[in-house]
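Every chain is named by a letter (A, B, C, D, E and F) in the order it is written, and numbering of its residues begins at 1.
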Amino acid sequence: MLRLSPPGLQRFVQASSFEVCYGGAEANVAASLAGFGIPVQFVSRVPSNELGTSAVQTVRALGVGTQFIQRGGQRLGIYFLETGASARASKVLYDRAYSGIASIEPGMINWDDVFAEAEWFHWTGITPAVSEGAALAVEEALAAAKRQNVTISVDLNYRGNLWKWGKTPAEVMPDLVASCNVIVGNEEDAQKVFGIHPEGIEVKSGHLEASAYESVGRQLMERFPRCQRAIITLRSSISASHNAWSGVLWDGSKLLYGPKYDITHIVDRVGGGDSFVGGLIYGLLAFDGDNQKALNFAVAASCLKHTIPGDFNLVSVAEVEKLLSGDASGRVSR
Amino acid sequence: MLRLSPPGLQRFVQASSFEVCYGGAEANVAASLAGFGIPVQFVSRVPSNELGTSAVQTVRALGVGTQFIQRGGQRLGIYFLETGASARASKVLYDRAYSGIASIEPGMINWDDVFAEAEWFHWTGITPAVSEGAALAVEEALAAAKRQNVTISVDLNYRGNLWKWGKTPAEVMPDLVASCNVIVGNEEDAQKVFGIHPEGIEVKSGHLEASAYESVGRQLMERFPRCQRAIITLRSSISASHNAWSGVLWDGSKLLYGPKYDITHIVDRVGGGDSFVGGLIYGLLAFDGDNQKALNFAVAASCLKHTIPGDFNLVSVAEVEKLLSGDASGRVSR
Amino acid sequence: MLRLSPPGLQRFVQASSFEVCYGGAEANVAASLAGFGIPVQFVSRVPSNELGTSAVQTVRALGVGTQFIQRGGQRLGIYFLETGASARASKVLYDRAYSGIASIEPGMINWDDVFAEAEWFHWTGITPAVSEGAALAVEEALAAAKRQNVTISVDLNYRGNLWKWGKTPAEVMPDLVASCNVIVGNEEDAQKVFGIHPEGIEVKSGHLEASAYESVGRQLMERFPRCQRAIITLRSSISASHNAWSGVLWDGSKLLYGPKYDITHIVDRVGGGDSFVGGLIYGLLAFDGDNQKALNFAVAASCLKHTIPGDFNLVSVAEVEKLLSGDASGRVSR
Amino acid sequence: MLRLSPPGLQRFVQASSFEVCYGGAEANVAASLAGFGIPVQFVSRVPSNELGTSAVQTVRALGVGTQFIQRGGQRLGIYFLETGASARASKVLYDRAYSGIASIEPGMINWDDVFAEAEWFHWTGITPAVSEGAALAVEEALAAAKRQNVTISVDLNYRGNLWKWGKTPAEVMPDLVASCNVIVGNEEDAQKVFGIHPEGIEVKSGHLEASAYESVGRQLMERFPRCQRAIITLRSSISASHNAWSGVLWDGSKLLYGPKYDITHIVDRVGGGDSFVGGLIYGLLAFDGDNQKALNFAVAASCLKHTIPGDFNLVSVAEVEKLLSGDASGRVSR
Amino acid sequence: MLRLSPPGLQRFVQASSFEVCYGGAEANVAASLAGFGIPVQFVSRVPSNELGTSAVQTVRALGVGTQFIQRGGQRLGIYFLETGASARASKVLYDRAYSGIASIEPGMINWDDVFAEAEWFHWTGITPAVSEGAALAVEEALAAAKRQNVTISVDLNYRGNLWKWGKTPAEVMPDLVASCNVIVGNEEDAQKVFGIHPEGIEVKSGHLEASAYESVGRQLMERFPRCQRAIITLRSSISASHNAWSGVLWDGSKLLYGPKYDITHIVDRVGGGDSFVGGLIYGLLAFDGDNQKALNFAVAASCLKHTIPGDFNLVSVAEVEKLLSGDASGRVSR
Amino acid sequence: MLRLSPPGLQRFVQASSFEVCYGGAEANVAASLAGFGIPVQFVSRVPSNELGTSAVQTVRALGVGTQFIQRGGQRLGIYFLETGASARASKVLYDRAYSGIASIEPGMINWDDVFAEAEWFHWTGITPAVSEGAALAVEEALAAAKRQNVTISVDLNYRGNLWKWGKTPAEVMPDLVASCNVIVGNEEDAQKVFGIHPEGIEVKSGHLEASAYESVGRQLMERFPRCQRAIITLRSSISASHNAWSGVLWDGSKLLYGPKYDITHIVDRVGGGDSFVGGLIYGLLAFDGDNQKALNFAVAASCLKHTIPGDFNLVSVAEVEKLLSGDASGRVSR
């Protein structure tokens, strides 16, 4: 997906140029994993024009495998991002209807090939939102992944504006999420998609009380028995420039708390959740399923993402570990 | 329509930013006329988001009236422009399907209001190309314009890539063009749209022999009896950076030749044809229908357009007249 | 007026380019009102060269009426702005002597035409500062506005550096302000222009104690009996990057307090006061003179201005109301 | 003087930024000489604000002495430059009234100090154009220079738009030029300033016939007996992007012809004449008054200037000599 | 290798930023081949810091294999490029001493692995120039390539400034070139490296007489009997902005002439020779060794390179073939 | 030294351009002093290419004397700077091996000439780190400075990554520092270079307890008896965007405390220590050795540096004094 943003902190109507980057929820996770040294393939569909090629080149540069990216469809999905500051929120205009991925249909991708050597499959709630074909393709992928005993994770990623093809997330998502071993979402997702409510939380105020999310984790696992880990990212929005950031993981029996970071000078918070998932999957793979370590890594990795322009979390394992070791001082590294 | 171009002479895959401008064939003509001091309204349909607002503000800045622009539809049409040089051609990627104007339908615009005080109506062959609704809206507009005795001009503007909604230009255009008093086209348009061929011309070689166009003018008038002036723009492409540029006008009895300009350092040739039409309409209005003067003004105005970045021909009547008076020396004006 | 600023946070001597925008106190108020949907005319005088045209086009783009802008004078006024950060203050170099507006003379503008359909007239203390002719033109305008029962507001906007034509603000302003129904100023203006002092305030420390401004409001109304509302904007400068911002309104009998915003990441504070006035006039018009609502809207609107580069407050009523409703969290709006 | 130009080939009304450089006729000559290794002082007057400081720093960087630059006056002179292409001419908007140099008065500069160790004094016809005070300061400088037997050169540099202070160039210039040993001008200057006409030349057509300038040289010397060399720069404007460039020198008995260069891709022709003068003075000093060598060097140096953005001719003696040796091939120098 | 260039046509001393690209002779050839769809590996050595990573990512984006790139050495080689125009030549400052590749030593790369599945090995005369270790590594590579019957090509690429490690090209190159099947050079290379002179050519004047190169081809083949094709690129430098470009191929019995292109508006000529080699290798592979077709493809491909900023020739086979088919008109492709 | 940084807050791998500035520890101190009006010479060695010239021009622009800068050596030292934010630290990649200064040798500079009219000599621990020749040149300079009774100051500036030529700082620095009258360092320098430890400080936590530095000052003076002032800069790194900043001075009998500034929006902290030294030397010279005043000036000057992009502290004495007077409010200065 092509992302176009006015430079700096201009509003859309002020822009005489747009900064170009290529990203999107799943690509962002793939980019994180490649940066951490995990072999990864990005499966998508982009048009066979120069914009599609640019998108492919961007992820390939980072070491993400592109052999399963289909070329086709009328257009590359676009989103326009206006970056906010202080009391002015960032703003996203989606222009992704009729994109290559929106016009995907079952059978276009040979999922058995895709998963032949795969260990993990990650998808997000954005894909089934964009079209019926995309939802069916996810269904197809999940079936194949299960056939091959691939671990499956999902980021619920509720985007109300995208669900326009006829069904609601409540109709579509439960069947898909039922296949997943790991479920990630933020405080709105479980509520908007499954009607699962935390207690004692005021989303608007940005106030977070982590313990209240235990109930969310519990309900998710009851509803989706294959799920072994339910993770909730916790964002406290003091302003568009200043967030507190953390996450909790419910492992079925206890709630693990991640570290909490105060991000006082946000550079780009888009892709923050995806960088969390990238860190989490890396952590679960690298630390042999140690939930606490993986959660910590996920929170620290995504804390760093907020300081990097663009969708991708261009950090190394060493940089994340330096932060985890307690060094958030930002001293010049020479 | 939003135009996005890599800076300078970068290729699409090199761009880390796109330059933003707003334009499109009809908007470009309107911008020319406003710049020449002619009161003008731009009738279109753009989405009610910030991109639509930006498009409206851009033409309003120039003095183009925007009161008849409808706000609606899913997205603003986009075209991506890669500027070429020497042997490398400029490249356009259209991404205008499903735009506000493509989803227009008859009845959305009150054409009688539009033409209440109008003297002239200009449309182009791009509009009926984008969708059936747009074609019907043009039909509706033409009927209203004729009812109110408004002079009608058309720029044939054949774009093969855009005609995807089910009918061919050959099926649609003749009925629409039949209402027109002034027909403008380049050497391909008459051929591709109506099968009308000039003689003695090799389009590919870029070689132009103006006299051969007399037959084209004659055939157009025979086929469309309301037409009183048939104008053909003549572009000789030596390379992407160097064109010769002229035009001829058939007034029903003789072929008038415009001046010929050698444009050796093209800055931006997109909108060149539109700036010709803007100059022509201005000339016909300002010079009381003097065809030769209007043709000369059109050619000179559009010669200057090739030196200006963006879609619009931001020149004054005085600047065009200075060129027409023979001063193409480019001496610094202090 | 043309504003030229080094990019980002460069100092003047570092700049190899200047960012261009067009603004000025009165234009900024007009831009705010147009953005809120209020029909508005900008009355000024700019030279008949391309810079003057650019200034006109900039406000026209936003929907501000430009029919009363006179074209004439030697030059367009310029101000150079160096944006500060933390302990380094922003710096303004004025270069507006001999501008079109400075060389205005009584009789150049037909004020009766201007006010024929007007409901409100706003002026600022900057205009009479630039030249005797400009001061006389304001006098003339005020007389016409009173004749036609137009509501009159003034932003005192004391700029010591501009008063160079022979008289002091203390000699000129009282007669002009005497015509006004609404007086707006910041903590320095009343003191520097009229010698009216608040009590219990230390301007330098940036500490603000709103209640002390009651006495200022009272004194203003005693001195200017036509005044029905005296508004004082309250800026607490913690640093160039961090201000607290609020305002109070004395309605003749009580002091109303606006909300107080902590703006921790200022993008551009120039035009902050003008955006307050724009919000205030909008509020008084839209909320039928409800002082509290208007004050709240003014403070919130101008809080948002601090996050937008350039002089203009490019926000919508909906965005201001979202902030007023308590949502300053800056969550991404998708 | 501050020069502000829209980036690339944008028109003024398109610019969202201006590129900044500092220059001006005399500064440009000084910069050339410093680049060729000649010790040189720039005498001027700039305001004591950051813009004045930037101007001083810019020439000091190049090695030009700045100790005689006075700090004072209200503003730094500005000129806005829009760069043309092909048939569109470059455009200059002067905004230099009331500048530091325009408000200079006799007695402000101690010319005896200035010339204490000087060998050469160069001035241009722009300085007496800007104000009476500046004209008087030139008069004063010339008297001092003559007292100290300093060689004096002038570039006539006729700028009709600048002479606004009450006298015409025809009234002022003859007395000043009478002190000069070297007179430089282009084809318009001698005509506009002294009414001296070449024969057989059509300025508009850009056609140049060098021999006709012999009569101009002869007339200049007859009128100004101190003059030992009269030099005319010859510019043939094919278009704004393509000029032919040469010059001739009348030494009192014969006309010397410089080389002629075809500059097919002009980058920036502003300062072209100044770079000619810089090359000429260098040549006369370095080649012991060999007129032919100096003329050749001047033409070649200024040919290179046309390829360099900004006012200054940032080339070395070696680069000029490489061109003079016949290598205009532009082969990559590694 | 990192390439840093002042933006546009600025000189080095004017630059307040440098444009970044990554390239180098061998990388450029690899990039061309990847763009034409040929599987290709780039073998090099870059430091294990972020600049090395950037270089790797840049070629990987294009589809060039990076698995044989060693990470090590102190620094990434840099070259600074100032782009010329008209009579001002482009200028290259090399800063590549002590780079990763310069500190390579025999044994660092497992050439048998590299060539395990390879069909073709291309190297250039730049590598043995930078250090003794690099020269030895080339020797080692050539031995391995011959062992595995890989076709070997060389671009002589004489760079006098680089040979500083103790031996001259005349001492080193003959033994290395002796292994090659295809030898490419320009008019200076054969002369400077082997003392082989064409006849009837004046290099300085930029005049080219292709037939004279037959003798060069003949002498190369006599001296290096493994060589089956000797190719000479022919550049006629009219100016830095305008070159004519062609090439000839001696197949041992006759001289084949490539097409000749007049490149009137050069954008970036660095990498021109490398793009020729990329086109040649592609052509020889794709057209089954048809020398004429390969030569034509090479010349056309590299003609297009001159219109593309940066080192790489980012064109497709279709674009080259369009030019070869005779369409150099640069008409907009929509 | 050339400094190259990705624009804004991009990471190295994202940069398609680098911002260029020229700086380095000693140049930064010289720039500060020149800005405060102190005559100063910068002694260094830079290559005789355009990059060397650019470095010279940059400091000369500011008024720094350049007559003792030697031209020679292979390359200009480079450092790449990636600016961090919040928890992401800034990152420096040094590429200064084999630079002009690294290849300096004793005898190249005539130190007696250098110090002929000098009052003060400042050097830093970076110079002896880069090469043995540079260390010997410092030794030579110190001997000359002592001969001429010049006051000597040193900034210890420990850079572990630079000491690669064979000796450790512990072997080299003591003899050099023994000549110094003023020693400046931060909390790591004394420890890493001399093994002198403060007490009660946790560097990592960024927590500073100024009193603990008394022991450091005392130990330094005991070890280096010529030293009369030992100054320690105190940086509390809350994050890369937010530091607290102060300094203490041990005068041999008591510890003086500087003011403490909370820098909440850091723009560029590189050169912060150098700007402290520049302020300190200025203060000691301007305030007749008043340690408290000099320390205060140093801290305030360097506080402002953190708000200015680039290496240099481009502030005036008046701006520093305004801050010292207590005005850190950042109110717009008009």
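Here is the rule we use: a residue touches a chain if its C-beta (ideal position, glycine included) is under 8 Å from a C-beta of that chain, and two chains touch if they have at least 3 such contacts.
Just so it is clear, the model here is predicted, and its values are computed rather than measured.
Asker: Work out which chains are contact partners of both subunit C and subunit E.
Answerer: Under the touch definition, subunit C and subunit E have A, B, D, F as mutual neighbours.
Asker: Which option, A-E, D-F or B-D, should count as the same interface as B-E once over half of the contact pairs match?
Answerer: B-D
Asker: Find the geometric centre of each of subunit A and subunit F from their Cα atoms only, then give the gap between the two centres in Å, rounded to an integer.
Answerer: Distance between chain centres, rounded to whole Å: 44 Å.
Asker: Can you tell me which residues of subunit A touch two or more of the remaining chains?
Answerer: Residues 8, 11, 13, 16, 57, 91, 265 of subunit A each touch two or more of the other chains.
Asker: Quick one: which bits of subunit A touch subunit B in the complex? Just the residue numbers, please.
Answerer: Against subunit B, the touching part of subunit A is residues 4, 7, 11-13, 15-21, 49-51, 53-54, 57, 74-75, 78, 80, 82, 91, 93, 95, 97-98.
Asker: Note which residues of subunit F are touching subunit A in the complex, please.
Answerer: Contact set of subunit F toward subunit A: 8-11, 13-14, 84-92, 94, 159, 161, 204-206, 237-242, 265, 269-270.
Asker: Within the complex, which stretch of subunit A touches subunit F?
Answerer: Checking each residue of subunit A against subunit F gives 8, 261, 263-267, 303-304, 306-310, 314-315, 319, 323, 326-334.
Asker: Can you list the residues on subunit B that touch subunit C in the complex?
Answerer: 57-58, 60-63
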